[in-house]
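For reference, the structure I am asking about is given below.
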Amino acid sequence: MTLRAPFPAPFRGVVPPLVTPLTPEGEVDVDSVRRLAGHLLDAGVHGLFLLGSSGEAAYLTDIQRRTALEAAVEAAAGRVPVLAGVIETTTARVLDRAKDAVKAGADALVATAPFYTRTHPAEIADHFRRLRAGADLPVFAYDIPAAVHTKLSRDTVLALAADGTLAGLKDSSGDEGSLRRLLPALRAAAPAFSVLTGAELTVDGALLAGVDGVVPGLGNVDAHGYVRLYEAARAGDWDTARREQDRLAALFAIVDAGDPARMGGSSSALGAFKAAVHLRGIIDCPATAAPQVPLGEAEFAHVRSRLGEAGLLPEGA
Amino acid sequence: MTLRAPFPAPFRGVVPPLVTPLTPEGEVDVDSVRRLAGHLLDAGVHGLFLLGSSGEAAYLTDIQRRTALEAAVEAAAGRVPVLAGVIETTTARVLDRAKDAVKAGADALVATAPFYTRTHPAEIADHFRRLRAGADLPVFAYDIPAAVHTKLSRDTVLALAADGTLAGLKDSSGDEGSLRRLLPALRAAAPAFSVLTGAELTVDGALLAGVDGVVPGLGNVDAHGYVRLYEAARAGDWDTARREQDRLAALFAIVDAGDPARMGGSSSALGAFKAAVHLRGIIDCPATAAPQVPLGEAEFAHVRSRLGEAGLLPEGA
Amino acid sequence: MTLRAPFPAPFRGVVPPLVTPLTPEGEVDVDSVRRLAGHLLDAGVHGLFLLGSSGEAAYLTDIQRRTALEAAVEAAAGRVPVLAGVIETTTARVLDRAKDAVKAGADALVATAPFYTRTHPAEIADHFRRLRAGADLPVFAYDIPAAVHTKLSRDTVLALAADGTLAGLKDSSGDEGSLRRLLPALRAAAPAFSVLTGAELTVDGALLAGVDGVVPGLGNVDAHGYVRLYEAARAGDWDTARREQDRLAALFAIVDAGDPARMGGSSSALGAFKAAVHLRGIIDCPATAAPQVPLGEAEFAHVRSRLGEAGLLPEGA
Amino acid sequence: MTLRAPFPAPFRGVVPPLVTPLTPEGEVDVDSVRRLAGHLLDAGVHGLFLLGSSGEAAYLTDIQRRTALEAAVEAAAGRVPVLAGVIETTTARVLDRAKDAVKAGADALVATAPFYTRTHPAEIADHFRRLRAGADLPVFAYDIPAAVHTKLSRDTVLALAADGTLAGLKDSSGDEGSLRRLLPALRAAAPAFSVLTGAELTVDGALLAGVDGVVPGLGNVDAHGYVRLYEAARAGDWDTARREQDRLAALFAIVDAGDPARMGGSSSALGAFKAAVHLRGIIDCPATAAPQVPLGEAEFAHVRSRLGEAGLLPEGA
């Protein structure tokens, strides 16, 4: 593990949630992880987020998770912080994953509220406090009701930001209105707190609203676009930001590649991200983890065609 | 009924969803409806939307709905279009309300997908087509999953925009990401189609994304603010738009006035809007319709105090 | 209106929720309503429930609702009580429908909690109390979360049973466990309170658990079967009850007639019930109300074939 | 590991889902696991289910899960089968837990559909097939939409029963109507398939409907009651079965011990089960796993008082 600078506060910028490249046999493809991380760093991203939903964390074994994280930490080589998802049902299990992440050299943890169980705001707050106490890394709360089936309440986030339990929030709730009410309260209560939006289609509006950064799944496919969007917004050039966002929203249509009669939306979206990164020549194999349904040939062609329209295919592809 | 210009296409601007002022006995207070409409017109709004969720449409009898709508049409006197909600469970019932709205002089109808029943996209499309065929007014689809428990699909909206069934969409889904993907497709398929957002906390971002207008419940309380926000955005002055939106988002905190142990979020929010409009001297009585729980004295004071901070109380109040 | 005996308490037995026969043009077919009511009375049912979900209440205009209800009241001629659904979003609107039902000669009202709006237990209790005070008929609470998106809480039902607001509960929640906990508490708090289950596939278990009666949509198709099931249960002959229930559960498969790619579950189930009642020669036309998707020829044949297996087709059909 | 008889097919009877006793420090209390298992065996149960929802599986680390399972297997000593929950988000992770369960000596696995991720029926079927292929034990599907947020479809269960992928179903969906339709189809397609209901309040009705057994959380507290209920039902003595069920439904009220302002329903229910088993002298400590909120003194007294009413407290307690 390299010696690191302290984790920046607030942490800002474009932080793609890396897909986890797999071999045809379903094992983590370490070389492809490194190439993907390198590609993103070259594009100018400000951090890497491993083992989130885009990273298929829920599909990977503990060992696979560690393997992917270690490869990314090595590739980052301290140039940007590496955030690690620690996706588990409840506190003690998250702490086990946090130990793995610390060993692998992560710079911060990203944890959801408890899931599978029915929970309560008091239990959620206690969960994050125990996690912060038990793991020697900054903790981001991951608000993703589509997966966890609970929305982090405004009061919970404010309390955990104010008392230093949380270093930041990754908001994948899609609830931009709630976020707009939360942001000024957070700025007042915890100026170093970092808010990252996972809503990759409304990044211009989110930056206008004052978020610190963005964690776009589509950033695996077009990191340069998100970096341009972020920089335009930072410079107050909202017309450029909007045009870039419109372009990226059109590209996002790759997620509809999969036939809904054959597969779920998650198989389709993750399959399309991996297909695109593969078609761009960045990772070796587009396989997703079982039991997700793989994209078929026509579905693959749909992705290729959208990439072509966006000028994102390598010459000769 | 006055002679009217054709309904503008696309219809644009700030279109507050008027609360329906009631007397202490629970009847529609016609004078207060007129005063509220007049106040909003003086603030420069571009349309009035009657009988939406903020208008407590679900709580009003058919006769009360007509009374409120007629009063607003009279007050508007053709200066701006009046849109009328026709909130009913299914097609035949919506058509009955549409007849009432036509008689009352509305300029356009705003209708949801069927609710109470379980439904299907094919049935939703047929519902809007029958409504358009049976009612001689432009139809806006009202996408409000919190009430209807169905989200209008992208394909349904696009098809009904392209074939002229719908004149526009009032999007109260809160799903800004879906909207961002829908907007360019709508611009291509139906350039005269109007998209109005009901998400009153993210209007700056929505206008940056390209929506045509906004239907803010909070616009009952501070219409001038929403007009300033809209005009700043139209002028490309995004910093001013953002500051105005931040101010309005802070003011929105009045909706939390009600004690959640005593009442639901709807009683609290509608009670607070009406309390605020009453405290500003625009309507005579802040009563909400039964069986909503009325705000108590302390809750009323909460609203007053927020209005004071925002400089929205009349002198001496 | 005939002179009536007081409404029995607790009200008991088989109370089919009548489908509302329509003409090909979509109007209420009064003769078919009468024939259906007569058929059910001949089968020995203990009450008729008009204007529930099976009656397509959400699809009928106010006038259509009254027409159907009046026809059934006339056909019942005081022999069994007629319960009338008063399906509207909130209190004042339900009271308008209650007036219609009183005029039409109903013996009791069946009302849901408010829907479309977000609501709160205190508001739901107030809703039923205002309804009871404003309508001079016994009130049954209709617990149907699939339509209303709220489950009536145990505490609400107990309080409203104990203070005499409610005469009974029609439980279409499908939550048999909650009902099992509620039943003994109701027996203690309000011995005359009537619990009717709308869960037509588990009637034997519900009667074993102590419910007073059943409101089976499938009872339109095979009322004799439900009467036999009810009588076997009352006699403690649980083996016969179970066999009858198994037979009726198999017959229930007609609701899957509709192709899910073409229509929703409601179109399929209501279409199948009406197709079956029509094929049995009881009503003239199997049409359902718009915008429901009608069954196609093959789907119709599916219903016919199940009826044949069950021995429910008339000779020569 | 002792030598075992083949797993019975269909597997039948009362199979309590054991709570996992913890020490005050939060570690698995092996002696108490053994005592609890012994107590249940003495009551005449027909199997033990470890690491389900009542067992707080979602709160236990992998090592804690194994420890608890090993203790129960040892205590069962081959007298009854031991089923092991393998609660993990997706296939590869479930397979890791399945390996642990095999090593610990379990006789069968109980697995849910994938959760946290969005999924699809085709993916769910593939998930169970891969699990069956990868783990050398019979597999029960655990249908628990409250935790997994997906209901297993009728078609999925039928297909996986017919092709031998699944040995049985533990139905904790609470959807008794669906189950009633499924049971005859299962009897025809897979006579050796075992259906166990997790709906502990409607066991009499479920046995009347034809389920093979019951997995009652409350069976930790009163296993003798569930054994009596099961045996009465097997003997066709439905009046006795109903009275026993009524008694157990009344006892179930212990789950409401916790103050809902302070804790969630899960903390309350699991806390109450453990409190009851502790008060009955079977386990040493009533602690639940963090971050669940522990019952307070008054809440504990509520449990004690209900147990007293039920005659379930040891003399002198």
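So that you can tell them apart, the chains are marked A, B, C and D in the order they are listed, and the count of residues begins at 1 in each.
Going forward, a contact is a pair of C-beta atoms (placed from the backbone, for glycine too) under 8 Å apart; a residue touches a chain by one contact, two chains touch by 3 or more.
In UniProt terms, the chains line up like this: A, B, C, D = Dihydrodipicolinate synthase family protein.
Remember, predicted model here, so these are calculated numbers, not experimental data.
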| item | value |
| --- | --- |
| Interface numbering overlap (same over half, different under half) for chain C and chain D | same |
| Chain pair equivalent in interface to B-C, over half of contacts matched, among C-D, A-B or A-D | A-D |
| Farthest-lying chain, centroid of Cα atoms versus that of chain A | C |
| Centre-of-Cα separation between chain D and chain A, whole angstrom | 36 |
| Distance from chain C to chain A - Cα centre to Cα centre, in angstrom | 50 |
| Sequence positions of chain A contacting 2 or more other chains | none |
| Overall pattern in which the protein chains touch one another (line/ring/star/complete/other) | ring |
| Chain B-touching residues of chain C, taken from the complex the two chains share | 26, 53, 58-62, 64, 87, 89-93, 96, 114-120, 122-124, 126-127, 130, 146-149, 262-267, 289-293 |
| Chain A-facing residues of chain B, complex | 174-177, 180-181, 184, 199-202, 204-206, 208-210, 236, 238-239, 242, 245-246, 249-250, 252-253 |
